[in-house]
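By letter and in written order, the chains are A, B and C; residue numbering begins at 1 in each of them.
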Amino acid sequence: MTGATRATSPGPERIEGHAKVTGTARYAFEHPVADPLYLHPLRATIARGRVTSVDTTAAERVDGVRLVLTHHNAEALVPIGDPELAVLQSDEIAFRGQLIGAVVAETQESAAHAADLVEIRYERMAHDSDFRDDADIVYTPDADASPMLSPDLEEGDVDAALADAAFTVDATYTTPTEHHNPLEPHAVIAAWDDDGLTLHDSNQGSHLVRDLIAPLFGVDKERVSVISPHVGGAFGSKGMPHGHVALTALAARHTAGRPVKYALSRTQMFELVGYRPPTRQRVRLGADREGRLVATEHDSLEQTSRFKQYAEQSASASREMYTSPNRRVTNRLAALDVPAPTWMRAPGEAGGMYALESAMDELAVSAGIDPVELRLRNEPEVAPVSGLPFSSRNLPACLREGAERFGWHERDPRPGVRREGDWLVGTGVAASSFPSLFFPGSLATIRHESGGKYRVEIGAVDIGTGSRTALTQLAAEALEVPVEAVELWLGSTEQPHASLAGGSAGTASWGSTVVEAVRAFRTEHGHDPVSGAETTAGAGKNPDAGEYAMHSYGAQFAEVRVNADTGEVRVPRMLGVFAAGRIVNPRTARSQFLGGMTMGISMALHEHSVVDERFGHVVNHDLAGYHIAGNADVGSVEVDWIDEHDPHVNPVGVKGIGEIGIVGTAAAIGNAAHHATGVRVRDLPLTPEKFLR
Amino acid sequence: MDSEITLWVDGRRETLSVDTRTTLLDALRERLGVTSPKKGCDHGQCGACTVLLDGRRATSCLTFAVANDESEVVTAEGLAEGDEPHPVQRALLENDGFQCGYCTPGQVCSAVGMLDEVKSGWPSYVTEDLDESVELDEDEIRERMSGNLCRCGAYANIVTAIREAAE
Amino acid sequence: MDFLRPAGWSEALEAKANHPDATPIAGGTDVMVELNFDHRRPETLLDLTRIEQLREWSRTERNGVPTVRIGAAVPYARLIEELGTTLPGLAMAARTVGSPQIRNRGTLGGNLASASPAGDGHPPLLASNAEIELESVRGSRTLPLADFFTGVKRTDMAPDELIAAVHVPEGTGPQQFSKIGTRNAMVIAVCTFAVALHPRRRGVGTGLGSAAPTPRSATEAEEFLAGALAEDGQWDDPRPLPASVTERFGELVARAAAPIDDVRGTAGYRTHALHVLARRTLSWAWDEYRSGTELSGRQRCA
């Protein structure tokens, strides 16, 4: 089940690879449409209040302007319970940057120019966008209201156990607001005709967009088409449609069938498409003399917006990670006059495991136990909260294999004693974990074209994960034909309904669907089907769901250098070893892990949306101010995995790989920076001045 | 105000009338339908719009179309010969040096321009010896490719691909 | 928006005289960001890319000193490629400006006109006592760069003036430049520092970036070091610098700063880092001077 790991075959190259390296793959804004108009939004310049007057006279006089849309002339939308989509439905302003209108014109230049000429007056109200622990704004989210939320966990007596513990840690960690910043800005082309609405849109699930936009406009789902063959990155920010989709579709109601195009500017993306909310997390750990946890407490406070709740649930990362007889896990929200946060790559786990795995390192240091060994000693037999057996759990194998490959055993545990020139050098480790999810309800169509060629259709999406390639492989394998014999179609509502790309559940959910659909096809049409033979089917309920705890795991190792004089931090080397079930395509899977780790380096060192509370907006709202890791920031990053056969997780045996790579990375880097310097920085990102305190 | 200009795009001669406010990137994408260069930030901060402009890599969002009358623009699409990818493109395919693909055409143009700069002996911030010809090791590639952000995090594979393509 | 494209320099000066509100644009790497950000909507743009003489540099002599006259529209890439050993400090700084794509287009003149306190080219120009040549239909004038910057993104230029060139005395001794940023490349500096040793006139030049409302020199530090070197006979017989000298130099450089807190770093960190950069670049430059490699132009990575 475990052992040497290097894949023997790299797996096929990406099916759409040639189109991507030449730039001929079409993203949302690039679909050729006849006679388009361009939209430029009007956005609130106050953080809370209402619009009292709008003067559009000058804007309407600009050459080429076809429409100025505000809450005065926008049609009524059907309330569907998502305040983000209810654009231009009232004069209220809930956050700075909110969409309050649009100019539609013949060119982008005219639309932008005219938007500048619209005069808007406001009634300004006092706003609060200062994230803090204050009873006025903090509340407990109602876990009964959503299956996505976990209630507080209280087991045993944490305080008593801490009082008796041989070693304790009590530390508070903070993580900042972070923005996804996919390289492709959110974009949509909307056109209404007699048949309904067509959206060329950049999203993580065309069916989900349809399922929300159709009722918003009070039309049947069949009358809305959403087309998204290529998506230029998403990371959660394109999971739910945001206000811009509704705004563009609203505007297109007024253009007599002419398509309306809108791509967000990079700056608008800092206010309109979600973000990872800031957190403040207190972790208390207690261990006995051997380093076995006797108490685990993790309390997280996270930002949400007053106008739309989002709960990050960072503390929940501690629920099932390690054995601990006494535990307390709570999540609280602080509601502010700010844009709505949303899922961002490993929501909850990325920030929560940063805190837990940093605290575990602090415990290792205070107990004088090697941090790899400390984790091995706290490995649970069964899932700590539910008591369920694990479908598979190979964290120990990841830790051992990683330690071996990284050269961990030669490590001198003393912090702050290795120096090369001006640089202090250290190494660190952290564990990764991410739940293995499965989203039900997807369907796939299998059709035998002729001559042994098959067409497979599923309304899934490839946001860069490689799903187009992996699903083609799984279909070919199930059909027992070469990969070249399968033509896979995804990326639009033209194909059967599929769940969104999220929760690292794509290959699990869609792959199971494709495999089950092939089985149904074979049952119906046999192994020698006629041309045109076709079956549409989905995956049933996994009988093992609810019987096993299902997660992927990983161990991350980092070497960090901190300049003794300036505090500059560099990460010359990382190694991640993962256990994530079956790896369908080693070539593209490796990229998923690598991408997650690289974003983790970025999270550790750079990412921080700085909010100016006076105005309620992010001040470093472009890519010169908001740093994401560039090529020169990323040194050697090695990725490998444990061969893991999991018969329970789903019919294809895959666990999620898209998010686990970012989980634990920042902790490993922070732990290594402590090992290098002896300075424990508990606030991300790890900027130079924090090491000079 | 409109002006008439001529551009040579991937070997084709294109004459068009453009608004003086139109960037080269928007002229290519919205007027000529050449969407290989991507708009990622419109501020020259991400590199997705990189093209070879008169032979040198440049961010096409930071120049007006009217200022480039009679210029030669080569995009990632033009670097491939039909179905036959450029060696840099071939190496990116083999090394999976991309995921979502949105930054990729810019990475390709940047890499091709960069290899040319190295051949011409241009030093970079990390070049140690200014008198010798540049040895294109991983640090040199990382530094020289830092004008192209990749949010999917494919840098390690991009570096390997460019090393291979350079050989 | 009007877009003026003069074919020659006198035509450009005429255009600027007739449209004093026109925004000059050459490489576009500063101006276009402002435009695309909707920060500025100028009525008129004055495109200088067709003016050949702005894209040339030449060796001249000013007041008996060999000097390089760099046309305002020479892009950074050419400073790196062509002037690496003549103006090593400037070339070093040029290698850290923006991204390679930006360096292919962005110009020294544009950077100076923007007058950003974070402009990477400014500190080495200050350390070399560069002068800036401004011209209008009224005539031409040349002033020390230190007098050109008057405030945050403000300069001494009259509305009808254009930057014609920058005059940089050729290096006669080691020059160094160092930058701290929160990312390894393509980064706006947290702070920068340039030092130039001028053995022939037994002087020292410095330049600080992102350290005050304007790029500035640390005059006190320059005078202290020049004095200490002269007093100890170090110019003629260079020996290792006493730690007290580098330390004091660092202190005086840090004292010359008047930094602010912003998203890239705190004022306190900037002051500390300038102290470090000053000591570091001085020790590199002094090592070079002692080993007799006066103008290596070699970048020293921190």
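The working rule: a contact is a pair of C-beta atoms (placed from the backbone, for glycine too) under 8 Å apart; a residue touches a chain by one contact, two chains touch by 3 or more.
Chain identities (UniProt): A = Xanthine dehydrogenase YagR molybdenum-binding subunit; B = Xanthine dehydrogenase YagT iron-sulfur-binding subunit; C = CO or xanthine dehydrogenase, FAD-binding subunit.
Because the structure is a prediction, the values reported are computed rather than measured.
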Checklist outcome for this item: When each step joins two chains that touch, the fewest steps from chain B to chain C total 1
Checklist entry - Which chain has its C-alpha centre farthest away from the C-alpha centre of chain C? => result A
Checklist outcome for this item: Between A-C and A-B, more contacting C-beta pairs sit at A-B
Checklist entry - Quick one: chain A and chain B, Cα centre-to-centre, how many Å? => result 29
Item to check | Separation of chain A from chain C, taking each centre as the mean of its C-alpha atoms, in whole Å | outcome: 42
Checklist outcome for this item: Each of the following residues of chain C touches two or more other chains, namely 37, 184-186
Checklist entry - Where does chain B touch two or more other chains at once, residue-wise? => result 21, 42-43, 45, 142-143, 146, 148
Item to check | Multi-partner residues of chain A (each touching 2 or more other chains) | outcome: 113, 622, 624, 629-632
Next on the checklist: Per the contact definition, I'd like the list of chain B residues that touch chain C in the complex.
Outcome noted: 1, 3, 20-21, 23, 42-45, 47, 50, 56-59, 61-64, 66-67, 110, 113-114, 117, 120-130, 142-144, 146-148
Checklist entry - Can you list the chain C residues touching chain B in their complex? => result 1-3, 5, 25, 27-29, 32-33, 35-37, 45, 47, 49, 77, 80-81, 84-85, 95-96, 98-102, 104-105, 184-186, 296-299, 301
Checklist outcome for this item: Note: in the complex, chain A contacts chain C through residues 112-113, 116, 267, 422, 563, 565-568, 570, 605-606, 608, 610, 619-620, 622, 624-625, 627, 629-633, 687-689, 692
Checklist outcome for this item: chain B partner, complex, touching residues on chain A are 13-14, 16-27, 29-30, 32, 107-109, 113, 180-185, 230-235, 263, 265-266, 463-466, 587-588, 590-592, 594-599, 602, 622-624, 628-632, 634, 636-637
Checklist outcome for this item: Residue set of chain B touching chain A in the complex reads 19, 21-22, 26, 29-30, 33, 35-43, 45-46, 48, 75-77, 79-80, 83, 85, 89, 92-94, 96, 98-105, 108, 139, 141-143, 145-146, 148-159
